[in-house]
Amino acid sequence: MPKQQMIAMILAGGQGSRLGVLTEYIAKPAVPFGSKYRIIDFALSNCTNSGIETVGVLTQYSPLELNSYIGNGYSWDLDRNLGGLSILPPYQSLEGSDWYKGTANSIYQNITFIDNHNPDYVLVLSGDHIYKQDYRQMLRAHIEAKAAATIAVREVPWEEASRFGIMNTDEEGNILEFEEKPANPKSNLASMGVYIFTWKTLRAHLIADENNPDSRNDFGQNIIPAMLADRETMLAFTFDGYWKDVGTIFSLWEANMDLLDRPQEINLQDAMWRIYSRSTLQPSHYIGENASIIDSILTDGVEVYGNVKHSIISSGAVVEEGAEIKDSILMPGAVVKKGCKIDKCIIGIDTIIGENVEVGVTVKDGRADFVNKKFCSDGITVFGSGLVIADNVKIMANSMFFPVDEGQTSDVILESTVLGII
Amino acid sequence: MPKQQMIAMILAGGQGSRLGVLTEYIAKPAVPFGSKYRIIDFALSNCTNSGIETVGVLTQYSPLELNSYIGNGYSWDLDRNLGGLSILPPYQSLEGSDWYKGTANSIYQNITFIDNHNPDYVLVLSGDHIYKQDYRQMLRAHIEAKAAATIAVREVPWEEASRFGIMNTDEEGNILEFEEKPANPKSNLASMGVYIFTWKTLRAHLIADENNPDSRNDFGQNIIPAMLADRETMLAFTFDGYWKDVGTIFSLWEANMDLLDRPQEINLQDAMWRIYSRSTLQPSHYIGENASIIDSILTDGVEVYGNVKHSIISSGAVVEEGAEIKDSILMPGAVVKKGCKIDKCIIGIDTIIGENVEVGVTVKDGRADFVNKKFCSDGITVFGSGLVIADNVKIMANSMFFPVDEGQTSDVILESTVLGII
Amino acid sequence: MLIDAMGIILADNGRVKLGELNDERALAATPFGGRYRIIDFMLSSMVNSGIKHIGILAETKYSSLMDHLGTGSHWDLDRLQQGLRIIPPYMQSDFFRSPSPQDLNGLYDFLKHSVQMHVVVAESNIISNINFTEFVKEHEASGADVTVMYNHDADTLGSPNVSLTFEDNKLVDLLIDPLNLTSDCSSLGAVVLTRSLLMDMLTQAISRSEVLFNTEFILEKYKELTIRGFENNDMTLRVNSLATYFSASMRLLESNILQKLFKAENRIYTKVKNESPARYLKGNHVSNSLISDGCDILGNVEDSVIFRGVKVGKHSKISNCIIMQDTVIRDGAELKNVIIDKDSVIRSGVRLQGSPDYPVVIRKGVIV
Amino acid sequence: MLIDAMGIILADNGRVKLGELNDERALAATPFGGRYRIIDFMLSSMVNSGIKHIGILAETKYSSLMDHLGTGSHWDLDRLQQGLRIIPPYMQSDFFRSPSPQDLNGLYDFLKHSVQMHVVVAESNIISNINFTEFVKEHEASGADVTVMYNHDADTLGSPNVSLTFEDNKLVDLLIDPLNLTSDCSSLGAVVLTRSLLMDMLTQAISRSEVLFNTEFILEKYKELTIRGFENNDMTLRVNSLATYFSASMRLLESNILQKLFKAENRIYTKVKNESPARYLKGNHVSNSLISDGCDILGNVEDSVIFRGVKVGKHSKISNCIIMQDTVIRDGAELKNVIIDKDSVIRSGVRLQGSPDYPVVIRKGVIV
């Protein structure tokens, strides 16, 4: 196959456990986002739009829905004969069988895959960030600086800097020091988890790292510090566009709301930088006689007969007559029945909310037994996928609804079906 | 996606340990066969030619070369947007992480995958058999008999019957009993490892089997007997074409030789039933001034300057001037240097045999320290992939050459490189 | 069972023109229903029935059709051996056309190089979600030379093009655009016959220098051949005039029709455009309408079908309209019973009004 | 760096015809080298250089070219947005052709709807494995309007079509098929320029009703534009007559040429046919020849190029020949300096002999 200048490896194996019920059966990159997308659409579309044609997706945790969604890569024009998209799960070999131990180990286990494509550079990405970036600009900087590694960084408010991996650089942007969540940050340049490595150099470091029994085999914790210690040329590349890690319920909700409140920042209508997604094969959406919709985004297959305000409605979702939806996210196929009042909710795939259900901060006398402060905050309530919620219940904000285990019963969750995919 | 009448699940996860060094780094279905094929080409081509468009390939052991070879399924016209070819490795979920425990368990772990395609019937195949079969005929018989399972069988010589899984049937072909390697066979109908199941029925049996802690989760040992015990309608479907399990060095060698000696039986030139393979992007093969080639098959990229007799030469292999090759198989990229005498050898991918090397039963005073009766018999010698063999050595027949471990040295194996893929 | 049939879809029909909508595009390429083209329905029906080798016979003005179909990948028809083919020699410039006896040779060659037993020949102007499996199976079982699909038209739209009279389920008469109906069976523009019979018919036509090919070409042979009928009861909308195109579009707003066409197990495929979700902004009011991705809605829309990427400005009023892709309706424009083709601009304050029977049509790419 | 260029490949060249081999196929579709068509080399060179949006400009006789190219998938060019396009309105029947001023409109529209900065325009009759990356990079750096690729022809084949004279590396004269060479630089039929400049040139040509487009069309503007040269030293075979086609084929039997063309890091792609391996059966003797998959060899072959699926019968003698796909050489036939097109049959005992300068050509599909 023709030599590839740069191939991309997308880390998509993590459980995303801070998303609670939303990642119980599906990997975080496959979580629906922004009415017609899945989170990984952003990384994949960035690759395609940057002219990268060989993409490895490293999977491990609950990959079925993700695999099924990605398919052969067709929707992102990555169904190539030469290169294209490959799903890279852990595997067994004569040397034994290992699950991926850390981000660096997952790349280590796929050295042969990368060698076969013989790239000069390898782009390592997370599959769960929302942003639009042309990686070609970063590659140009990497090549010009003859760097061993280039790390995309963005300026964060100084007061938040201690929550991030912070790069301390000289004036040319060379990284002098990397500090993971420093108490007293010396810089406000936070790593975005987007790395370009010169493959030959990374390859050597991965092998050295694997041979170090004390390593946690992680890029941020082990590889980057080791490369700095070896005095490799390490470049910080400043990115100033929109970027969000949707790792928590609140940040997922917030990033969705950003599409409504700050549409110019992650402009989805930009014809020069399309975000591709897998088509749901649904017709245009239908708005009924008495519906009202305001400050919201909707996509194919949706049917709205009720009132929707400042919300994200995904494909095939239905809002029945008289229902009121506000500041909420309906994932694909979610149904909100007549008379509901839904405030700040995330409703999972194919979940049905019974008639006259009320959820939100204004509900004073609601059920408190689903309140879940571990995952939920700021008044957000989350329903898992494939649930059926009873009619007429009132629910306190900050609740999270998990499927009911077999044999158990619940007066609120009438049914929890096995998740259907795509 | 449109409803699929039947989807295929190809079992390609086994180690194929009886093939010794040939499957040390690659899964058995990816082993080269017949000059331009890999073993799995036969199962995949049978699926395509039978009009089956959704194919799951269950991988586990050393899948990199296999994945890389299969790619997105393009070469077999299985790179479909809807359905098409999916690689199905083991994965982790909230319930824990499990490698595939047995053939039945591997299908069990992919129930969701199958459910998503909503087929009426599921075809379960091995990825390591050489045969051409139109599965539509078998499906027709299955539907007409309203069977729960239909098992392809073929008549074997009575004296060999005790080596196979034997089906005892009534006159209509209904299976009354299944015996694994019976000492006193009551029938000579041996299972080919090709099953059609009615999905609803199989699904229930897979779940029951999984809940049985004593089961080995194997189709032959557990699922088929359990279905018989439940008095399901089980049909034996007689197949009378060429079929070979290439599970041992001898049977792999023999199946290759069958292409030369019995070309009409697995006719590769049949335009109505093409065996597809991945193109190697090589030019037509070149035959030099003083070459002689007889009773042999060659493919693209080969260069022959020496003498080849009754052999299989794969793409990109080179036979230098004066070398004599007989009853042998050169895998892709193998090089046999000047003056060699090669008799009944299988030479692995990219392996280089030094000048004047002699191997075979006529070599009386050769090196005996590589003789390996565990794998080799009938005078066959096997060289692994990526080896470099020293000049002028004489080697006894029935030898097998494994790569040399790092740090070790050998006066015969000068070098063993990491296997390059495709 | 896997179906042993290939398909031929006729992109044009000499008797059906949808006015200016077909000035620069084939009938089959006419936009319909918010995100589709007319041909998507027949093409998806074939694919969903397991027909995966399909030739499209386009006469002229193939450019937008080819742009829509691409490699066939959106219908999963981008195949190594079979898949989608535009049949030459119809494949020619939009600018000139010279029918010649060779015209049918392209179709003949396509059939000759195919392997299927049967051919389903279908017009493209039937909006339905059909499964051809039973149709082909019953044709095989009946032993007829040709089987034609028909319905009783009672709850479908538009006058029949081709009225069929059967005796003992054998076609004995066929009237094209009859003034008085003598039969309640009307052709659904789909026939099935063996590939070899169709090739024989073409050979004869070529030797007589005939150049026209459509389903009537086959049905007119009812005296020589045994042609049987197959009744289809699927929900079907016929598009055979601008008025029926308009009313068929409006009937998509009926819930049961929307469900039957689009939310059945078998889906209708179309070219995917990766538009962003539609945005509903302050001041909008939408009622009983189909709206597509990529739209920005700030005005009032009722009883209308709005295609992808349409911008509806503030205080504008759209009622009973079809607004095609990427058109811009500026603030305060008012439209009633209007069809606006792609890429047009309706300026502020403009008022257009047609009647349901005679909708006003605005050409592609104009500024009004 | 990723290359910011699209490609245009000219499937025909008015001055190059390979006799009967081009009776029914475009120059670009001429079989070459055992399993390729001539266009495979330029197409693969572009793909390997990262040019992934390529238009093929075919004039007539496009049918075998389209059959070869299919959806572009064999070159990995079956893409959603870009990929391979046959450019209308050249796309028309094999049977009639009426050049019109609109002919260049199709090319213009294709360029207009593309996004790349540069366009590499290339003739198809250059057999080489070229990397265009440096070519485009140097063009960008030089600031020239157009850059043309040339070589010194010393060790390449055939007389130059277009002889170029440079002063200070600026093109100052261009001679087409000159009788006396005044320069040792000959065009390799590949130029690069910005898309906008090419569109300007086309606009002017269209308004003057010009219909011909090729690389000379661009090079002839050397007085108005700054046209620089880029020397290419790759092994190159030029095909500009039947004699050079024949000798270029024979030069593939030279080991270093075979290695440079086909065994470099960048491969030449072609349509995959899934033939079985070639079989060498009792009685064969083969020497200094290229043999392809699907062949059955029972006779004698020397100094020849044998395409896929050829059957060579017992006691036949083939010497210095090109035998194309699926041809059958019956027992005892003898052939020397002969080119046999596809699907032909040479009967037992037939003897044919040409000379290296005037090889005998047997048309496609005949029985001799």
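By written order: A, B, C and D. Residues from 1 in each chain.
Basically, a contact is a pair of C-beta atoms (placed from the backbone, for glycine too) under 8 Å apart; a residue touches a chain by one contact, two chains touch by 3 or more.
Treat the numbers as computed from the prediction; the structure is a model and nothing was measured.
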| item | value |
| --- | --- |
| Chain whose average C-alpha position is farthest from subunit D's own | A |
| Contact-richer chain pair [A-C vs A-D] | A-C |
| Mean-CA-position distance for subunit D and subunit C (Å) | 40 |
| Geometric centre distance via CA averages, subunit D-subunit A, whole Å | 47 |
| Per-residue overlap in subunit D, given as positions that touch at least 2 other chains | 73, 80, 267, 272 |
| Per-residue multi-chain contacts in subunit A, two or more chains | 1, 74-75, 80-81 |
| Of all residues in subunit A, those that touch subunit B in their complex | 1, 24-25, 59-64, 67-68, 71-75, 79-81, 84-87, 89-94, 97, 99, 112-113, 115-116, 418-422 |
| Complex contacts: residues of subunit A adjacent to subunit D | 1-3, 5, 51, 77, 80-82, 136, 139-140, 143 |
| Subunit D contact footprint on subunit C (complex, rising order) | 63, 66, 70-73, 78, 80, 83, 88-89, 91-96, 98, 100, 102, 106, 272 |
| Contact set on subunit C toward subunit A in their complex | 33-36, 73, 252-253, 255, 258, 261-263, 267-269, 272, 274-282, 284-294, 301, 305-307 |
| Residues of subunit B touching subunit D in the complex | 34-36, 74-75, 263, 268-269, 274-277, 279, 281-301, 308, 312 |
